[in-house]
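There are two complexes below, and they share chain A, which is joined by chain B in the first and by chain C in the second.
Right, the complex of A and B next:
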C-alpha cells in the first residue's frame, strides 16, 4: 500500500464521518478530489519531475491520525502558546490542528468591513463563495486537502476597505498522537480593498510527528491587494505540504513572502495565473535550513494577459546536511504583450554536506516580453570575511553578519516595519543557533478565557 | 494622420524583412542520383546481424549490437522534451543504405564521380588541394563513410583518422577499449538504437603528445529516401594531444521526415584538448513544416585526464526537430568544459538543445553560452544541467543563455537544472529573453542603416560570441548559413 491509497481507503471507509462534521459546501467538492487522487498512480517521490529535494510519498506515508470525528483535545492555549511577533498590533486568531479558534480580542480588533471567521461557518453562511473548485484540481496536495478539509480560516475584506491592521493566524498542533491536519485558509479581497495577513506555524512543547496539508486560497478583485507573510517556525517533527493558489483580478497585486526558519520537511507550491491585464505578483522566499531539514519551493506563474508583472526572489542558506530545492516555471502565453517577468534565486551553501537544486524555467510564446532569470549557488565571500576579520570581528560573527546581509533583500519586501524588524531578529537568532521561543505576546483565546 | 502611418510603415517593413528571411532557400536540397543498396525497412535481430555481417565485424561488436538492440526493445521513446514529435514508426525506416560500388575505392579516381560531384556541390572538395586548406575530410554519405582524405599524411604522425568500420578492422583494440565507454548503449532510447544499428562514422585517435596539424572534418549527408542515418563518431585524444574536429551535415529536401540518431563519444586524457565544432544544417522542412530531418543525437565527452579540456561549439540551423545535448563529464582534476551554441529555428522548426556539465573532479570549470534565435512559428528551448558532485571542490560554472524572439508566434524557452552538492562550488546562471528592440532599430535607422541591414547587424552581433569560437573556415560558413536561414535577405 502506498501513501496515496492509505488516504483514499481511509476516506472511502469514513466518508460519512468526514461529511457529518463538515458543511455541505465543503463536502460537495470531495468527490472530484477523490477522482483526481484515484487517477494518480502514487504521490510524487524525490527525483520525480519538479520534486528535487522532497518526496511527497514519504511525507504522507507515516500513519498519521486524522481527527475526522473532530474529537476535542484538552488544551489550554493561553498557557502553552503565545506568539513571537510582539509590538505588532494584529487581529489574531488561532488555528489548532485545522480548527479555527478566535481570540478574545479578535472581534474588537477587526476593522469595519473585515471578516475573520471559521471556514466551516463561512461555508454555511456563504455557500456561494465555495462553488468554484480550487485550482489546480489535479494537484495532489490540493486534492488531499479537499478530501479531508473540515475547517480552517475564512478572511474577507469588503470592497474598498483598506485594512490597516494585519490579520495574524497562529497555527499550532495539539494532539495526543501523530496527526495530519488538512488546513485551509481562504482569503477574499474584494475590488479595491487591501489587506495583509501574517500566518505563523509554531511548535508546541509536547511534540509528536505532525503533518500540515495546507491550502491557501486567495481571490483578489479588481485593483485589490494582499500582502501575505508566511512564517514557518515549527518543530523539526512537523512536516508541511502547502499550496498557495491565487485568482488575480485586473490590476490586483499579490505580495507573498514565505520565511522558513525551522520545521521539518517542507514543500511549498505557489500558483499564480495572471489572467487579467495589469495584475502583479511578487513572490519572496527565505530559507534557513539546517540538520536534516528539506525545503522545497515550487512556483508556477502563468502570464496570460497583457501588462502583467511577476517578480520572484528566493534565497536559501543551507547548513549541515540540509537540502534545498527551488523549481520555478514562468509561462508566457501568446498575446500576453508587455509582460515583465523576473526570477532570482540565490543560494548559499554553508556546509560540505548541504545540497541545493535549482530549476528556474521559462516558457515564452510571445515576443513583447521582458523576461529574465538568474540563479547562483555559492558560498560566503572569503574576501569579505577576511576584511571583517582583519578589522577584529570574530569569524563566527562575521559569517552571521554576511548571511544576514545576504538575506536582507528578501526581508526588505516585508511592508510591515514591526514584522520586518522582528524577522531580522529571528533570522539573527536562528543563525546563532538559538531556538527562538515564543513569549509574551499575550494572545488570549476565547477558550482559554473560559 | 501622417504621424500615425509612420510607425506602421516601420512595423510593416520589419515584417516584410522577416517574411523574406523566413523564405530563405535551402540550397543543399538536391538529391544525388547514386545507386544505393538499401536494406528493406524494418528492424529486428536479423537486420542487426545483417549490418554486422555486411561490415565484416568481429563477434564482440555483433554482441555489443545485439545487447543494445535487446535493451532498446525494452525502452519507450522519451517524451520529456519540449517538443511536439509526431509518432515515429521505427519499423518503417530502412536501417542501412550504402552507396553502391563494386570494390572499395583504392584512390579518389575510383570513387563514383557523381559522389564526388555531390561533395563538390556541398563545398567539400575531396581533392588533395584541401591539404593546403589545412583540413582532412571524412565524408559520410547515408550510412557509409565514402572517402577519407589525408590518411597517409596523418598516419606519419601516428594519428588515426578513418571511418569507424576501418578502425574496427585495423585498430580493433582501440575501438573495443573506447566504444561505448562514454555513451553506454543503456544510456537512452536513441543511444540504444544507434548502438544496435550504427553503420559508420569517423574514428579519430591522437597519440600522446601529438598536436594534430590540421582540422579534421566529417561531412554527413543523408541521400537515400526512407532511410535513417545512424553514424557514430569516436574521438580519443591521448595525453597532451590536441585536435580540432568539425562536423557538417546536410540532407536533400523531401516531404517525408528522416531520422538521424547519432552518437559522438570523446575521450580526453591528461592535459589533452579536443575542440568539436558542428554546423548542423540538415533539411529543416518547408515553411508549413512538411518534411525535414529529426535530429536526435547523443554527444558526450569524458574529460578523463587531469587538466584536460573539451570544447563544444555548435551552430544549429537545420532539422525539423533537434534534440541534442552535447555534454562534458569533467572527471579529471582541473579539467575544463565549454559549450557555445547558436540555435536558430524558423518556420515550424523545433529545437530542444543545451548541454550537461557534470563536475566530478575538483577544480573543474565550465562555461556555457547559449544563444537561441526563434522566428516564424518555431519553438526553441535551452535545456541544460550543471551538476556538482559532493567530492568536487572548487568547481566554477558560468552559464549564460539568451533568447531572441523575431516573431510573435514563436516560442523561446529555458529549462536549466542546477544541482550543487559541494559547498565550495560557485555556479551562476543567467538568462534573458527579448526581441530586437525598437530602440536598437531606431538607432541604426537614424544613422542611415536600413532596417534590413540593422536586423542582420543585430542578429550577427548577438551571435558573435559563439561564432568567434568556430574555426575560421567554419565561421565563414556558419555566418553564411545564419544569413540564409534568417538574415540573408535582411542584410
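Right, the complex of A and C next:
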C-alpha cells in the first residue's frame, strides 16, 4: 500500500466521522478532493519532476494518526506555550495540532475590522467565504488537506483597514502518538486593507513524529497588502508539506518570507497567479539546514495580466549532509505586457556532503517583459575567512559571521524592525548550533487560564 | 636572545607543488623597521602570508619563532592575539559584515584570549573614535561593510586603523603603498609612524623605494627567488632606486 491509498482508505472508512466534526462549508469540498487524489497514481517521490530533494511519498508514508473524532488531548491543558519571537504582538493565537486556541488577550488586542478566529467557526458563520475551492485543486498537498481539514485559523481584515500590529500564530503539536494535522490558515485582506501575519511552527519537548499538511490560502482584494512571515523552527521529527496559494486583486501586494531554521523534512510550495493588473508578489526564503534535514521550496508564478511584478530571493546555507532544493517556474502569458519578474537563488554549501538542487525556469510568451533569473551555489569565501582570522576572529566565529552576512538581504526584506532583529538573533543562535530556548516568551491560552 | 621578536631560520614554503620560499633567514628586534624589497615574483607576499598563517601556503621546512613561541604552530587567529599583524596588499571585501561588528569581534576575541572581559559598548566606541583619528578614517565607513565600496586609499587606511586598534608587536605591511596617491601615502605612513614604539617592530614589504621616504627603515633586505640575497642599511634602498634590480639578479644568477 502506498502512502496515498492509506489516506484514501482512511477517509473512505471514516468519512462520516470526519464530516460529523467539521462544518458543512468544509465538508462540501471533500468529494472533489477525494476524486483528485484517486486520480493520482501515487504521491511524488524524490527525483520526480519538481521534487529534487524531498519525497512526498516518504513524508506521508509513516502510520500517522489523524484526530478526526477531535478527541480533546488531556495533556498540557494548562501549559504555557512559548515562542521564540516574543513581544511582537499581543494579537496572538495558538494552533495546537490543527485546532485554533485563542489567547486570553486576543479579542482585546484586535483592532476594529480585524477578525481572527477558528476556521471551523468562520466556515459556519460565513459559509459564502468558503464557496470557492482552494487552488490548485489537483495539488496533492491541497487535496489531502482538503480531505481532512476540520479547523485552523481564519483571519479577515475589512475593507480599508490597516492593521498596525501583526497577528501572530504559533503552531505546535501536542499528541502522545505520531500525528498528522491538516492545518488550514485562511487570510482575507479586503480592498485597500493591509495586514501582517507572523506564523511560527515550534516544537514541543518529548515529541513524537508529526506531519503538518498545511494550506495557507490568501485572498487579496484590490490594492490590498499582506506581509506573511513564516518561521519554521520545529523539531527534527516534524515534517511539513505546505502550500501557500494566493488570489491577488488589482494592485495588491503579497510579501511572503519563509524562514527555515530547524525542523524535519519540509516542502513549501507557493502559487501566485497574477491575473489582475499591477499585482506584486515578493517571495523570500532563507534556509539553514543541517544533519539529516531536507528542505524544498517550489514556487509557481504566472504573469497573466499587465504591469505585474514578481520578485524572488531564496538563500540556503547547508551544513553536514543537508539537502536543499529550489524549484521555480515563472510563466509570462501572452498579453502580460510590462511584466517585471526577477528571481535570485544563492546557496552556500558549508560541508562537502551538503547537496543543493536549483532549477530556475522562466517561460516567456510575451515581448514587453523584463525578466531575469540567477542561481549560484558556492562555498565560504576562503579569502574573507583568512582575512577575519588574521584579525584574531576565531575560525568558527568568522564562518558564522560570513554565513550571517550571506543571509542578510533576505532578512532586510522584513519590514517589522522588531521581528527583523529577533530573526537575526535566532539566525545567529541557530548558526552557533544552540538549541532554541523559549523562556522569554510565554503565551497563555484561554483554556489555560480558565 | 630575549630581545629577539622574530627569528626566521631557513624557512621553505610552497604553494601547491611550487616552492616559493627557499630558505629565508631574518631576525627582527623590538624597535626596528625592516624593509623587504624585491622584484615581482620574488616571494615577498608569500613571506608575509606564511608569517600570518595563510593556509594556502605550506611550510616545508625551517622555523619561525615569535617572542619565544613557535609561530608556525599557531592558528592565524592566535598569531594575531600574540601580536602579529598583516596589512594586506589587497584588503578583502566582506559584504554584509559591518566594520563595527568586524572590529568588535576582533577586539573581543583578543580580550578573551588574554582572559579579559569584553569591552563595554561605550568603551569600544571610544576606542574606535580614538584610533580612527590616527589615519583620518571617516566615521561613515564604520557603518559600512568591511572594505566594500572603499576606495584604494580608504582600504589601506582601514588596514592601518585595524593595526592601531589591535596594537601589534610586529606589523607586516605588504605593499601598503600600492594603489595609493601621494596624499593617501602620507596619511598612511604618518599613521604607521605614530604607532611606532621602542617595543614593537615593523616589516615593510615594498617594490619601490617611495614608501621608505616616509617610513624610515633600519635595515633593507633584498628578496630574490625565495631567498634574502642581500641586506644592508637604508642606503641599499636608494641604490635599488637608482640601479634597479638587474645588478642583484645578475649577481645571484651568475653564482
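In the analysis below, the second predicted complex is superposed on the first by the 443 of 450 C-alpha atoms of A that agree within 3 Å, B and C clash if a C-alpha of one lies under 4 Å from a C-alpha of the other, contacts with A are read in each partner's own complex, and residues count from 1 in each chain.
Assume contacts are C-beta pairs under 8 Å (C-beta built on N, C-alpha and C of every residue); 3 or more make two chains touch, one makes a residue touch a chain.
The structure presented is a predicted model; accordingly, all values stated were derived computationally and were not measured.
Trainee: After aligning the two structures on chain A, examine chain B and chain C and state clash or fit.
Mentor: They fit side by side.
Trainee: Between chain B (first) and chain C (second), which does A:10 come into contact with in this model arrangement: first, second, both, or neither?
Mentor: neither
Trainee: A:40 in the overlay: touching chain B, chain C, both, or neither? Say first, second, both or neither.
Mentor: Touch status of A:40: no partner.
Trainee: Quick check on the superposed pair: does A:378 touch chain B, chain C, both, or neither? Answer first, second, both or neither.
Mentor: first
Trainee: Considering only the touch criterion stated at the top, classify A:390 as touching first (chain B), second (chain C), both, or neither.
Mentor: second
Trainee: Quick one: classify A:368 as touching chain B (first), chain C (second), both or neither.
Mentor: The first partner, chain B, only.
Trainee: Tell me the contact category for A:32 with respect to chain B and chain C: first, second, both or neither.
Mentor: neither
Trainee: So, does A:334 touch the first partner chain B, the second partner chain C, both, or neither?
Mentor: Touch partner of A:334: chain B, not chain C.
Trainee: Centred on chain A, what angle do chain B and chain C make, from Cα centres, as a multiple of 10°?
Mentor: After superposition on chain A, the angle is 70 degrees.
Trainee: Answer with first, second, both or neither: which of chain B and chain C does A:349 touch in the superposed model?
Mentor: first
Trainee: Compare chain B and chain C by how many residues of chain A each one touches, and report the one with more.
Mentor: The partner making contact with more of chain A's residues is B.
Trainee: Using only CA atoms and the superposition described at the top, report the least gap between chain B and chain C in Å.
Mentor: Nearest C-alpha pair, chain B versus chain C: 14 Å apart.
Trainee: Help me check something: in the complex, which residues belonging to chain A touch chain C?
Mentor: 381-384, 386-395, 397-398, 401-402, 404-406, 408-409
Trainee: Please name which positions on chain B make contact with chain A in the complex.
Mentor: 80, 82, 390, 403, 405-435
Trainee: What part of chain C is in contact with chain A in the complex they form?
Mentor: That would be residues 52-56, 75-77, 79-81, 85-86, 88, 91-97, 101-102, 105-106, 109-110, 113, 145-146, 162, 166 of chain C.
Trainee: With touch defined as at the start, can you tell me which chain A residues reach chain B in the complex?
Mentor: Residue list for chain A touching chain B: 49, 52, 334, 347, 349-379.
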